[in-house]
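What follows is a short report on a single structure.
In this document, chain identifiers A, B, C and D correspond to the written order of the chains, with residue numbering beginning at 1 in each.
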């Protein structure tokens, strides 16, 4: 709330060119409508620290649950504010419309991005772009790839229901701990045996909770975890395979089970054409050697929600600086960003947006088909 | 505290024949010294509900952690109070000494019984007897066997230490959940492959705790459980086998581990000679068909501490009564005991004690060799 | 064939007292009918080396497949021939009838003993006794226990049927090797989790065969093994648990399966009363300290077939002699028996038989109830 | 031998333009040296049925061990013979040299291709091309990709050495079957937990052999299988992870082990520049829609040996024809190729070779760097 008010007030201070609104309680939309008609480009920054950050799967993702200061996002906000200021000042050169989307990012699946899409903030946009500060890249580098860049981060919950009893009399129980262990072990086959080696897929059981006392076999064991994949076919097949394993193993030992699968955001897939424009921007601004094409990662982002409306690109801006001792990954207690990063981000957003606006008129369909 | 004060005061009200003391803060010892010299018999009742009860491993053992009302022990106290009263009144017929041991039973390993042994409450005793109310036997039945009747209830803790990280990047972590699952699965071999089928042994992992979030592989998984066996050789061999498994599996996957093994009370082993006397008592009091010889169980009891000082017997008094609807196992929300049980327990203690006192003089050594 | 002809001819050479017949092609029955009426005692020796020997489960059982010279059985034959000779000479003192059963022992389940029972060779017998030379006992010792002495040696076959294919494309196959491995691993629970720790039970998968080439996932994996137990209830429950595991694990991974369970001979259970007589015989012949009461073993013997007709006893005669260097277990390349063993065996059979014949008349029913 | 003699004689019959030799006993090399100097192009056909075919990992790879008629290779021979004939007739237009490599393909690792490389048959070549008839593609289609197209097909052997014994006494043995099962199960983690999801990798245990009798625990279990990967770093890391698993699991259960890892051919990686030329050839000959870019497969081929000497391309020629009922995968009992395939293969080889020869002079280095 505080953050969004600060953003709102800062944008207000930039003057009359920006039309401000609150698509949801904690998000802010600023529209810059150029003097001439043209295309519509949305730029998104995520404001809330935790959920997105932990989902990115980038090397600097938090390894500690509950770490709250996701400083990178402060940078995202600063960059988008800076971009709004610069483009606002360039308003007379803007054809069409730019939307600055300060997204709230709730931990709930289909949270921030999804709600903003439903609220129509990117309706009619010709493309949506976003960035992430990356401790894995040196300051000065820009990372941009086309195609899938972040996986779908699905979630699952498994409960093995046995029948508790005295730990010295397991034959009178159905031991859910032993069955849960077999479930985890047998689940490895889903990736190692049942998935095409060329399709990236992950099944991680990240949490097991069961039992209370050393001498009591409990009634149940509860597990939680994540499935990651890029390919929709794989993503549809794996939960079926997982449930088959859980059911079979539970049956094998006379236990019951429940299996719940929650689809998270879709994979983030960069549009080829928009990616090309953003990449060109980076080359022109910072030179050939500043541009990298990172491999896709198994992290996830709700940025993918925007893909359903318009072609999108999600790129990385390097923030690592060994000379200045800025080498700690985001979320590290000692995390800091090189402030040189901020103008780089602003330049990227400003120039890419202008390029996208000014690009020879293309229909949406063409862009999507690119 | 309240309980032991009540016991103390009740015993006091029985009159001068009993010498009362508090061997420890929450236990009570009453000594009845007969007018003529003779043997010394100790009778033990455990006053504290939970820890002992849950350790007995009898079919009626609590399946729910934290259930506190172990009503059976109220019965134990009542029976021993009644016994003290009756024997106090028979004092002129008592040769030697009877000690009424109202034991506190702490959850700590080597708690109540051990402390009382160290405090000397059974020093010089010729035998120690105890009973347990058993919902598994009908009212009127007495269960008495010779040899091992309850197993050693040892405890272990295993920690698998991996290296946490992002759930989509397991190759950058050492996943402790997957390793813990393999530990549990591989531990099954200790009983199924490495223990003589004729030696009763149990390895139960009863608790697994690890992980916090669906998208984070945690640093470690913690496990706890129990090992049960009657045979000392088996009991010494199994922890070594378990540690070998934990170490091997951890090594297999690049994890670290810790393995802690806590020996609990020794198995409860009934002395053959004393058991014969108690069995005779039961036959004489209630007839041939009232006496049963239950198989040993994998439960445990700290009563075994007394074995180190004197030959002991631990027997069961039935408390189940279908006609009265008293069929719920001890610790069940609806648990009740048939009050007819109480005089049976008192009679058993009184008559067995008299018999043991009056028995033709035997040296301790002979009794032990029985 | 050669062996049984030799036995037949040797018996013939002993003279007219023995009525010889061939109940089956390769077995020999010699009946010694005493001059006075009385009880009927059968003595059995197994002639064929392999199948019985490998089934006994005694410490000296062959560890090498295909080892054929089970020298111990030569000893069995020699002892029974000697017994027949001695008792033939004592014929005038024999009341009733003695049957010398030279059993063929085929590898087929329910082979030799079963066929002889069906052929009626022990019909009307009051008891049947047999012995085994035991490298685990010193020469001069006799091992005799009452109750179960050898387990039921059941056999099972498991086939996991997957769908073969290229080893680089496991996702297009159902990999039977991986599933078979899980079957074996999950089967451990049958003993470690689902069987009362006090009931001796063994599930051993002794054979796995599957696959032909390093680059081809085969269609199926075949397994074989044995289940051992003493208790009939356990023996009935375990195959059901096993099939549940095999089915569940196969289902978990999309494989098919077959599970075949073949009941072998029943456990060998020594009749209490007959055992007492045999034990007395040993004490009288060789002294108190010569008699041992070995624990039951998980081996098996088709001798149990005779139990259905009459009370039986199966005992051990020691054949180990360190001084003479006779320490190798039966079937060892260096195996030898101390020939002093033979007269001990003969004496045991002769005296026990005379004792059983001369025992005060008991009805069959009483004997069985003993 | 017969095949290579036939090839030799057929080539001889084509006339004086071809210089024939036998680089090894069962291979044939034909050199066509053009009238003008120029570049050197080698074309390879594999003549031997089984080993290569089974290694390709293409969808039509034999699923049945021992199937010998790998008819596809007959086609390869026919195509290369046809190519030699056509190019021989075009000799006057040939600048430089064409080498027709009829490779013997032994089952031994580093067999045919490796031997021919060592024999110098591609020394000085500017590029080497090869094809495979593919039942997965329709007749008329050509499949050509750049980069890795076939994985490294490595092989491993694992022996778990336990200590055999009686199946009823597993505690006196170290059961290698149970340990082998755990090895296979734990090995799944190498792919599912320890390999970056984006790196294609396969660990398949394809063969397990152990045990002889249902009642004997054997001394050891032997396993075999394959590892497949494209990336050299992955290929180096995985055997280490595998050995760690095998060692850890063996240690966990007191077993010994051996682990042997045999590197097979390197991945087949198509040179970008040569691939572009071959692709152009296909487009020009058969049109845009005839050209496909199949994904890389986890199969392997010793064709990769030639990569060490020159840039190479390995492409597919479709042979499936539903109309003619030619749909069975290679090696299927009903396998047949559409004979229309043969001229397509010849045209591809002839035109691609002419194009590669006639290409504006490039240095080897440039080609490799392409």
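The rule is short, and it goes like this: a contact is a pair of C-beta atoms (placed from the backbone, for glycine too) under 8 Å apart; a residue touches a chain by one contact, two chains touch by 3 or more.
Everything numeric here is computed off the predicted structure, so don't read it as measured data.
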{"item": "Steps needed, at minimum, to go from chain B to chain D via contacts", "value": "1"}
{"item": "A-B against A-D, pair bridged by the larger set of C-beta contacts", "value": "A-B"}
{"item": "Chain at maximum distance from chain C, centres defined as averaged CA atoms", "value": "A"}
{"item": "Geometric centre distance via CA averages, chain B-chain A, whole Å", "value": "55"}
{"item": "Chain centre separation in whole Å, for chain D relative to chain A (CA means)", "value": "40"}
{"item": "Numbers and ranges of chain B residues touching at least 2 other chains", "value": "168-170, 175, 178, 182, 185, 188-189, 192-193, 197, 202, 228, 298"}
{"item": "Touch list for chain C against partner chain B, complex", "value": "185, 188-193, 197-198, 200-203, 228, 295-296, 298"}
{"item": "Residue ranges of chain C in contact with chain D within the complex", "value": "54-55, 57, 61-63, 65-66, 151, 153, 155-156, 164-170, 172, 175, 177-178, 180-185, 188, 202, 204-218, 221, 224-226, 228, 297-300"}
{"item": "Residues of chain B defined as touching chain D within the complex", "value": "168-171, 175, 178, 182, 185-186, 189, 192-197, 244-254"}
